[in-house]
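Chain lettering (A, B, C and D) follows the sequence in which the chains are written, and residue indices restart at 1 in each chain.
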Amino acid sequence: MADTMANAAPAARFLTRDRIIKWAPLLVLGVLILLFPFFEWLEDIRAGEAHAYLIDSRFFSIRNAARIGIAAAPALMVAIGVTFIIIMGSIDLSMEGTVSVCAVVFAFAFLAWGGTVLSWAWLAIPAAMLVGAAMGFINGLVHVKLKIPSFMASLAMGFVGTGLALLLTGGDRTRVEDPIFRSLLTERWFNFPVMVYVALAFLLIAWFIQSRTTLGRNFYAVGGGEELAHASGLNVERVRLMGFTLAGVFFAVGALLAVGRIGIAETATGNNFMFVSITAVVVGGTALWGGIGGVWNTLVGVLIVSVINNGMVVIGLPAYVQDAVLGILVILAVVLSTDRRSVSFVK
Amino acid sequence: MYELRKVDKKFPGVHALKAVDFKVNRGEIVGLVGENGAGKSTLMKVIYGAYQPDGGTVTIDGTAVRFQNPRQAMEHGIGMVFQEQSLITNLTVMENIFLGYEARFVKFGVIDWKAMAEAARKQLAKVKLDINPATVTSELSFAQRQLIELAKVLTLEERIDGDLVILLDEPTSVLAKEEVDLLFKLVRELTNRASFIFVSHRMDEVLDLSDRVYVMKDGEVVDVVDHDAAEVDAIQHKMVGRNVDKEYYREQKQQPYGNEVLVSFDAVSAGQRYKDISFDLHRGEVLCLVGTEGSGREAILRTVFGLQTPTSGRVTIKGQPVSSFNARSSVDLGVGYVPRERKVEGIVAGMNVYENMTLSQMHNYSTAGVLKTGAEKSLARSWIERLAIKTPNENKDCGGLSGGNQQKVVLAKWRSGGSDIILLDHPTRGLDIGAKEDVYEMIRAMCDDGAGIILVADTLEEAIGLSHTILVVKDGQFQKRFDGRPGDKPSLYDLVHHMI
Amino acid sequence: MSFIKKFIQQEKVNRRDLLLASAFGLGGVAASGLLGPGMARAAIADPTVAWSYRNRTNPYWNEIVSGGEAFVESLGKSKDFLTHLINEGSSEKSLADVKALLSKTNGDLALAIDTNDAPNARPVVEACVEAGAYVSTLWNKTDDLHPWDFGDNYVSHMSWSDEGPAEQTARILLDAMGGSGGVVHLGGIASNNPAIERLNGLKNALKDYPNVELLDAQPADWDTQKANQVMSSFLTRYGDEITGVHCANDTIAYGVLEALRAEGIEGMPVVSYDGNPQAVDLVSRGEILATVFTNPHWGGGITASLAYHAATGHFKPSDEPNEHREFYGPTIFVTPEDAAEFKASYLDSVPTYDWTDFWGPSNGQIQYQ
Amino acid sequence: MTLETLKPYLPWITLFVLAGIVGIANPAFFNPSGLIALVADITPLFIMALGMTFAIYIGGIDLSVQQMANLVTVIATVYLAQFGIGVALICIIIGFLIGAISGYITTRLYVPSFVSTLAMGFVALSGAKYLSGERALSMDATLRDRSFGWMFGNTAGVPHELVIAGVLLFIAWFLQKRTTFGRALKAVGSGELAAVASGLNVDRIKILAFAISGTFAAIAGLMFSVKLSGGDANLANGFLLLAIVAVLVGGTPLTGGVGGVVNTVIGTLIVVVIRAGMVYLEIDATQQQMVFGIVLIVAIALTIDRSKLRGVVK
């Protein structure tokens, strides 16, 4: 699922163990999608109502798919950004700060430059992406030039980002009400809002970067063996810097979609993105130790997490058990998609 | 054409290179030998740009150069063929070959995979390897990977106009005999285009291939010998600073083994790894498992150590049937394991000498879980002396010791704990002659002390020289048993015949 | 009579009481001066004034802080005179910062604080009392903690009884639903007192509307994005059964409105709480049927003022009756009819308050169940 | 004196420089009783960081500690009346068990600890929410004082929290430095494969490390609950990132095997100084978080010993 390179993959044995493990996340997603309607069916049958499995399901419907799509789109962008970093064997915890800063800068610029996409205010969109890139670049600089492990560097940069967003807003929230920008949410093509297509477009861009560009392949090289890549003449520092910068751009896109979704930009826009995105990446089958996985895995991972969150409310699970169910399902998903023979130990 | 003059390199506490003069002529194959720690790897790193020298000059065709990183060295035609595990295994063959130099296949930011595959095929043809360039490297054998390493360096041919200098670092360690021959043939053919620097522990190979041989000791070049004048003994003498006994397996010291059975396998199988294995290991016996990579030798060792649970059959250690297979209980029964990957499995880098020595037997140096550091240290001091481990003191980080001394620490760990069933997996791998000798000496000494040893040897000569009993394994099954008393040992041919 | 008018009239009545109160306060100063050596520190000449609150990312707390700043400006000082302690939702940081400030000021401190979580109020108060500082709390405290048990240093506690107002907004909602159908509630952080009270308000109102079913109540943690996701999941589960939405505060309502907008659902009755400016705008446009303004600007200013004036000896807390130590803050309903009027008098130009009118707009002594 | 010889002392130097900056800007910072109170207050966070050190020391991480503490505040509050001081034992056992389960999932099911502990944290959070009925609960003051009054207060000017912190630090230090278990931890952190090949029961050691982390988190939660005289499912929020920061700034890198509990003492103190510095230096409210992040980067840049980060910096 990860690499669909032009002429790669010799067509050999079809159902190997490797293949099953590779497809496990998708399998989990499939099971979840069938599981929640089952609980709906059970509930109605018990209540003595007629209910044809799947057909009468409210969960298993286009409308709900669109809702899951809306919930997943911003998280997908952020998760894709961090996917590149995790493929390199590093980690980026700065997304909450970066998303907030980008959202706030976007909203300020958008309103200052006209407040509608039809004016010069559309420039706020590339401006936000530039800001994201800059944040990512600084994050990368701190990590690479000061030789601080990415976990710590990005954690601290996350504080700086949130702090910067707070400094910019003074704590106020800004509404972005331009109907054209908000058509990300309100306009639907084939039942799905525009933002879902925007997210898919960026997913394809990410896939393109991952499989068709030198930079994308170099992420895998660095994740597979950094010292070896360096000895082969690869400028690993540059790849890392570019990686963090690219992640910043995707965080910015996530911020734009998040603003598009609720029409508000604030310091809290970035909240909760950290654990959701990293969990999604791991659940999708991208290994935290680097070199394995890709953006399609991340798509599946984000969908798994979003489907669980949506499904739990839909089947009426009490709020206090939802956290535990999410936790247990995440563990299960990771267990199923881990090739235990290829890893000697895990920390 | 490529020349180092009076090159110096210092690290904190170590003067690694002392005024080294080194020269490679056009089309020449230059050998480089020396004990571990003699400065070979530092010299190579200086040559391919990983280190910058502290003093002296580097010139190419008379022009002074200074490389900040390996890439700059490559741009001057200097390439390095690393040991087997330096390809990035999650990448495809072609990606590995062109890693860092993808630019020529990029059009408008897009990699043209077809063009890269085409170019990769051309490179693979140079090393006579016929595989799909889109194969993921992890699926290939070590020998294939070694050739890909060479193919990768040979991309310099197209990139660089001038002469090439290619460093070969232990390229033969994972190759079978015919693969070595193929490699050497290739190298000789390529001398019309490139010069080679060849580094190996296998003295015969160095002499076979090289036009001249540089001998290093303690950071200095102590001799330069021409191919025709080269003699193994003389070179070894210069490397070690003393004569090396031709009979360094010390066959004459081999004593007959006792009757007491330490380990007994009775029709043991472990899934696909090995089948129906039976043997007895006695006190004082060196039992050698001979076979190719993946023949099941290692799996048998791991079963004795408790890391591989058999699927059927009976394993008995010192008369006790083994029911649960885990390392702890094996260690408690006196089994000690000297793994092949010394640096990651043998010693714990970051822990000092005494901590490493007591790691497997902390219960002997503690009361109710509290360590008695004083006792640990005196143990370490006595073994440092006994095995002549070169370390300033017992508080030195083991990661900083040379390979041979690390191996001694590992052996001291087991011997000091009273282990008398010692499993040796390639115990001399990557060691130089002097250190190898020390290991052989220790193996003999352990036998004399009544230990039983199961050995998976680095070379067949070693297996023959050291063992009482040789069991040839092929595809997980025993092929043949040889009982070799001194003077009545099987020949190399006998073994290879059954192995393949 | 609109809620606004009622409120303004109530304030006028209270202002009359103010004169009496301030006279009393002055008497208090005189009295405390007479106490002399018995009191270790009767008055602090120039205490540091600090506000400790959750964060700056929430408009509610920004309003609170603006009140605190307005108060210090009324003392003729600059805005910066107010020290801010931000706990970021961590009780541990809240307490640690207070202790650091006590140590820094050597107890010369007038502190207004929301302790983030109810259990945290006791250690904060105890630390202030021990250091001789004066503290007034807002919102969070446990029921067994009372200012009058600590002499003068624990000056006051202000909270809001949200159950009643939430019940009233619920009635507006249920009426708008025509007294039948299904309602969903999106709550705050489940263990927060206001979250509990606001849900109880809805439940109380529902008793009179037997044809309305409470379909579901889930916490949205005061968070717009979470509310957005919970609401869209509700729409999946209940679909057209939902005919009204009860939100625990404005930020939740924003998320709910956007979830509805995404589905193209218009005219769904929604009520909320807090009366943030944006919410008031939404009320005036009819997108939210009602919200409750708790006048955080006044609450923030008066809490700081109480602590300050007690610290400077302007009045002596222990001489005050209990209803002046623990009291409810004001609540004003905002509905589409009076939203414009409300906006004009409270938001577009912030009223100038008399910060020594401590209990004017307050709403009676806190009752425990 | 070269930089090389200074290296082991860099965390200390960073601490004193930071403290010096704050103290020079505002000498009131050096008021001894204030300093002691400042340090005493950090005790629950310190204890949590102490436990976390074990997880990080073996190269893992424990993201469940905050939720564990939340759960324990609820358990302690709910069951104080019934079990008195015995509730402490229940809390500790719960902490140990949940930590051990995280460890089991990590070692036996090959789920990275980042994910397994995060997930177990969610489970603990659910437990806390369920048990508390999603309300803030408070302890009966007399019952609290009878069972746990000894936790707080002063003896000869020394706050009891500090004594408890000291005792736990000693236990942790002793475990790490003087016991076979501590040696095994170091082996696992620095070279797991070699530990296996030495016959150590690596899985058990790792599970135990997470269990200890959980236990300390439970103790931290218990102390915090007693201090605040109550519990709810969010009470300990804000602990997690600070605990991680304290460990890392102290010089125990995520790669494991280096550093240890004494480093965590320094790391925690650095965190205290930075945080108190915000108050003493009157950093503007909207700038505090950014300043915290920047000072943190500087502190980490100064304290980590890159030569011990074996291999590449990831």
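Just so it is clear, a contact is a pair of C-beta atoms (placed from the backbone, for glycine too) under 8 Å apart; a residue touches a chain by one contact, two chains touch by 3 or more.
The model shown is predicted, which means the values in this text are computed figures rather than measured ones.
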Approximate Å spacing (C-alpha centroids) for the pair subunit A, subunit B: 44
Subunit A and subunit C: spacing of chain centres that average the CA atoms, whole Å: 37
Computed distance of Cα centres, subunit D from subunit A, in Å: 30
Whole-Å gap between the CA centroids of subunit C and subunit D: 34
Shared interface positions of subunit C, touching two or more other chains: 56, 190, 219
Residues of subunit D whose C-beta touches two or more other chains: 129, 134, 193, 196, 286, 288-289
Shared interface positions of subunit B, touching two or more other chains: none
Pairwise touch network: line, ring, star, complete, or other: other
In contact (per the touch rule at the top): chain pairs: A-B, A-C, A-D, B-D, C-D
For the subunit B and subunit D complex, residues of the former touching the latter: 12, 305, 307, 326-328, 330-332, 337, 339, 341, 344-351, 355, 358-360, 362-363, 366, 369-371, 373, 413
Complex interface listing, subunit A residues touching subunit C: 58-59, 61, 63-64, 66-67, 70-71, 166, 169-173, 175, 182, 185-186, 188, 193, 258, 261-264, 266-269, 271-272, 309-310, 312-316, 319-320
Residues of subunit C defined as touching subunit A within the complex: 55-59, 61-62, 190, 216, 218-219, 223-226, 228-230, 232-237, 239, 254-255, 258, 261-264, 278
Residue ranges of subunit C touching subunit D (in the complex, touch as defined): 56, 65, 80, 83-93, 95-97, 99-101, 103-106, 117-120, 122-123, 140, 142-144, 189-193, 196, 219
Interfacial residue positions of subunit B with respect to subunit A in the complex: 50, 69-71, 74, 80, 82, 86-92, 95-96, 99-103, 106, 109-111, 113-114, 117, 132, 134-135, 152
